[in-house]
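One chain, chain A, appears in both complexes that follow, with chain B as partner in the first and chain C in the second.
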Partner chain A sequence: MAPSPILSVQDLRVEFMTPAGPVCAVDNVSFDIAPGEVLGLAGESGSGKSTVAQAIMRLLRPPAVITGGHVYFAGQDVLSMNEEQLRAFRWRKVALVFQSAMNALNPVLTIGDQIADPIIAHDRVTPAQAMERAADLLKLVNIDPTRLTSYPHQLSGGMRQRVVIAIAMALKPPFLIMDEPTTALDVVVQREILQQIAELKERLGFSILFITHDLSLIAEFSTRIAILYAGKLAETARAKDLFSDPKHPYTQGLLGSFPSVRGPRRRLQGIPGTPPDMRNPPSGCRFHPRCPQAFATCQTEQPALREIAPEHRGACHLY
Partner chain B sequence: MRYLLRQLGLYFIAAWASLTLNFLIPRLMPGDPATAMFARFRGQLQPEAIDALRKAFGFTDAPLYMQYITYLRHTLTGDLGLSIAHFPAKVTDVIATGLGWTMLLSGAAVLVSFALGTLLGIIATWKRGGWLDSVMPPVLMFLGAFPYFWLAMVSLYILGFVLGAFPLRHAYSDTLSPEWSFEFIGSVLSHMVLPALSIVIATIGGWMLGMRSAMVTVLSEEYITMAQAKGLSQWRVMFSYAARNALLPNVTGFGMALGFVLAGSLLTEIVFSYPGQGYLLIQAVRNQDYPLMQGIFLTITLAVLGANFLVDVVYVFLDPRARGR
Partner chain C sequence: MTMTQPYVSPVLDVVRLAKFFPVGGGLRTQQLRALHDASFSLAEREVIALVGESGSGKSTIARLLARLMPPSSGQILFKGRDVLKDEPTRASLAYRGQVQMIFQDPFGSLNPVHSIGYHLERPLLLHNKAPNAAILREKVHALLKTVDLNPPAEVAVKYPHQLSGGQRQRVAIARALAVDPSVILADEPISMLDVSIRMGVLNLMEKLKEERGISYLYITHDIASARYVADRTMVMYAGHIVEGAPSEELMQQPAHPYTKLLLSAVPDPNGSIRGELPARSGAPKLVNPPPGCPFADRCPSVMNACREQMPAAVDVGSGHWVRCHLYSPGSVAPSAQYERKVPASAEAVSV
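After this line comes the complex of A and B, so read on.
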């Protein structure tokens, strides 16, 4: 077994308390992340990826409520922390890189202020010292420190995303959650940002939970990959195993729906149908209405996530 | 800076346009107000007053453009003529007294109402569903829904007349004359409380609700979640991240309210017989004191323009996106 995990999510359950009754957005999700590891969490829009990320930092706001499970960070129970413990835990231990850098930055504060903010809140430093560190952080993500006095609207999309990453690095946290950090960017900039993240990880040695809807993005980058479908884990495996031998029909569908750069040209497959309505999820396996290999049991029984190959777990009746 | 200069230019054009309208309108009326007044006051008006009136309207036999130039020159040099009702006081002097009282009363009331209402809105939204959030808006809306003059009269009747807690009329006690003494200032303050209170009660609900709805929108923004994820203190998130952004629409409203302050809160000044702009205006209308009316309209126009410019300046300070445009 690997060294003790830095982050352990166990049977996490998040429900949205809607007027029509609770809707389960994250259903018994469990995973461990070892120090230095990169776990790619992939799934379609609405599969609950971002909800998982926010639940780990306890950022969910009503109507979203964590109704079950545990989150342990380095052995510490995150879900039972009080306000003050939580405030100290956030950003110092786990930082979050947000999806869209435009909306994640406060339009009326300079980026210098926004980088210095968590430093001042967590460390005993003067504002001037915090600003110095903010300048260093900007250099870290290849932005000229004269930009400290710029406002978000004065930066390009790529620069804004770098700023958001710099803010995440402010306290050199051992763990980063990246929630689709490159989705809003064009492919070239996307590439640069990913490279930057990889370099920083090399230098600073943090672990990453990388959330994306784009499997190709995390192919070479992550150690392990977890596939989320309709709030449940469909498959988890080492990255190379998942790409060479996907077990779950949903994973197979995902891998078949984007072109590979190398190898022979083939027709893209796509997955028929649409993601399920979470207010009224399908019976049995939630994927069965779209599954090309579904059989009778799939309609009635929910498959459990279990080991189907070494370090390869899947939730499917086929195995 | 370029943005502010451009705005300043626009306001100058607006000011010129309103000056011109102020000049044209009396001349476009069928007959003219001066003749009507001469007829009404025949025999009662001193010859000097008739002269003053003539001069105020520029009713000389000169061609229109000459009258216009004379009018502009007089206005720009601050010569608004003599008041009929307060003859032989200069219009500028009469307005200056009224303006002082209005700025003191309405200015203070609007400022207090805005600051308090905005703060209530911020705190109520932060503790969404708390008692402040569930009790205050309906109560304040209830109070704000009364016709203002009724609210003012009821508070004057109960607090001033029945309980005798506050003076009934005017800006200071009749037995005192204006001077920088504690007694006089105390008298001014005690005369201010009731009218100011009535303005605050009538308007605070609007500020609170405006701030509340802006806050609700801002709180769902991702940068608020990010600020919380950063582990910042509640105060920092509430003011630097949430309120700073939510304040912007309310500031626009504040500028407009400030502009109308100088028009004198007409009803307030009538109910409380407060000697400000609004009270002067009513008197001027009653006495058909055209030069004074013209002067007051001019002051109101300039006040609205000035307040708008002030808001532009504040906006540039509050919203970096408005800079460098």
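After this line comes the complex of A and C, so read on.
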């Protein structure tokens, strides 16, 4: 582990209080992110990946409740912050790039107004100064500053996503959470946005928690990868190790779910069954009903996440 | 998947199909050219993938073939019969039974207030496939079993919200199968499903092809999945089919600069994010497009001819054709980096 992580999530637990009883969406999730690192958090829909992001930003609203664990940002306890401390923390320390830029932008405000908004809210600046900084931010993401007066509908999907990234970087936070930032985009645009993010990261040195369902996307981009299944971490490893030597049967199954345009054409099986219903999760290891290597213990005992190789942790009874 | 036997008579022949939409109103009505001159034929037990970015016209082709809207021009020949001439206003029940469609969104394509059984009974009744209630139930159960939804009696009484996305998409496939179609138009059937269950749905489509001799038009933006299921792949850009080839050939020897761009943008776990793309993204003009090739503005190999005229299809061998001036006879194209010799004739080839 790298010394003094910028973000440390420890035993985080989030439950949704439904009329039928609590549903545990995030169950004892722990990870650290070092300064300048990119952690890829991958999982299917319902695995709890976006809930983790919202918990870190303290954006969860009832019925979702954080019922356990800690989140430390540069040593500060995020979960015990009051409203005033949160105002100083959100966006200045950690900013969020939302999924689907189509909906994240306000259709009746200009791009300039929307980028200047967090600057005015957090810094003592005049509107004119804020607009100047907004112009700089647009240049940073390769959009012509004349676009400040454009409305979202006048921009393409890729440009809108860039605007959302510019808004996230408005206060130059040292940490960005990106929740599926390229999901609705065409591959060529997706590639450009990722390259842009990589380049900005190099230049400005922020850390990233990159959330996605597409493993192949984060391979090129992440330092480390964490795989989330049904609210629990199944495996964490350095990106290269995870692809060359996946340990958890779920990770192995996921990697066997992506057809490739390169290399030999092979038959892919995906993973049998469907992701579990979180209202009624399976006993023992939550993956056991779909696991080709499950044995008796898997049905009764939850495996703990433990070191199974150097810097490689897995939650599986096989190890 | 399997490298296939030679094809016999096509099931579906598409000849110079085009679709324009009027946009704007009053005196300023303009034409949005969603599809130009699409020609190809789909053989029995064949899977053709249509690949392209959003707005390239892939779904327009599917909707025209399903006859959900009339084309602006062109012909659709089903087993040799000109269906647009025979049934000009509305497709016959027989045609609709033969050409079925699966939609992208398994959440939107099933009615939430009706049971799964109801969704499968409807086509059976409409197409007179079930003379009595016992046969109807039997057929519904058989369909559910075919798409691996077990036990069928239990699934039939469930409602869409009780099923996962993958299971719902299987119901949509079962519904298409109910009327024994010979062609299924699958419009992004896996793009809204969880990664781990996508392959299950593609493998099911594959199995049905083998067992029932169904042909597919598989529409996707994911060129890797096209390679996985399709015998042939066609690439679309701005309403034009710009290249078509056996899938493996297309992946190994892409000819059109746009196809090369698409392939280079696919994420590669063993690659690096820093690799330069051969061209930038950009939206082609679909309303009153300028003459010439729509990719000209973005193309790294653009020539003068590209801005004047849309290139005709050129056969580059092995069932591979491309619409690009780099391959036109007489054009000197050092940047094409394509070893195969361009044949002398440049007749429009249908795939």
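Quick notes on this one:
By definition in this document, the second predicted complex is superposed on the first by the 314 of 319 C-alpha atoms of A that agree within 3 Å, B and C clash if a C-alpha of one lies under 4 Å from a C-alpha of the other, contacts with A are read in each partner's own complex, and residues count from 1 in each chain.
Note that a contact is a pair of C-beta atoms (placed from the backbone, for glycine too) under 8 Å apart; a residue touches a chain by one contact, two chains touch by 3 or more.
No experiment lies behind these values; they were computed from the predicted model shown.
Annotation for the three-chain superposition on chain A: chain B and chain C fit side by side.
Residue contacts after overlaying the shared chain place A:Trp91 against chain B, while chain C stays out of touching range.
Legend: residue contacts after superposition of the two complexes on their common chain; A:Gln54 is shown touching chain B, with no touch to chain C. Of the two partner chains placed by superposition, only chain C is touched by A:Ala198; chain B is not. More residues of chain A lie in contact with C than with the other chain of the pair chain B and chain C.
Put simply, the three-chain overlay gives an angle of 80° at chain A, taking C-alpha centres for chain B and chain C and rounding to the nearest 10. Shared-chain residue A:Ala219: touches chain C; no touch with chain B. Once the two complexes are overlaid on the shared chain, A:Pro259 sits against chain C while remaining clear of chain B. Once chain A of one complex is fitted onto chain A of the other, the partner contacts of A:Phe295 are absent, as it touches neither chain B nor chain C.
Least inter-chain distance for chain B and chain C in the combined superposition, rounded to the nearest angstrom, is 9, based on C-alpha atoms. Within the complex formed with chain A, the chain B residues making contact are 221-223, 225-233, 236, 240-241, 244-245, 318-321.
Interface residues of chain A, counted against chain C in their complex, comprise 44-45, 156, 158, 186-192, 194-195, 198, 213-217, 219-221, 243, 253-254, 256-262, 265, 267-272, 274-275, 290. Of all the residues in chain A, the ones that touch chain B in their complex are 54, 57, 59, 86-92, 95-96, 98-100, 103-110, 117-118, 121-122, 151, 153, 167. Interface residues of chain C facing chain A in the complex, by the touch rule stated above, are 1, 53-54, 164-167, 194-200, 203, 221-225, 227-228, 248, 251, 261-263, 265-274, 277, 279-281, 283.
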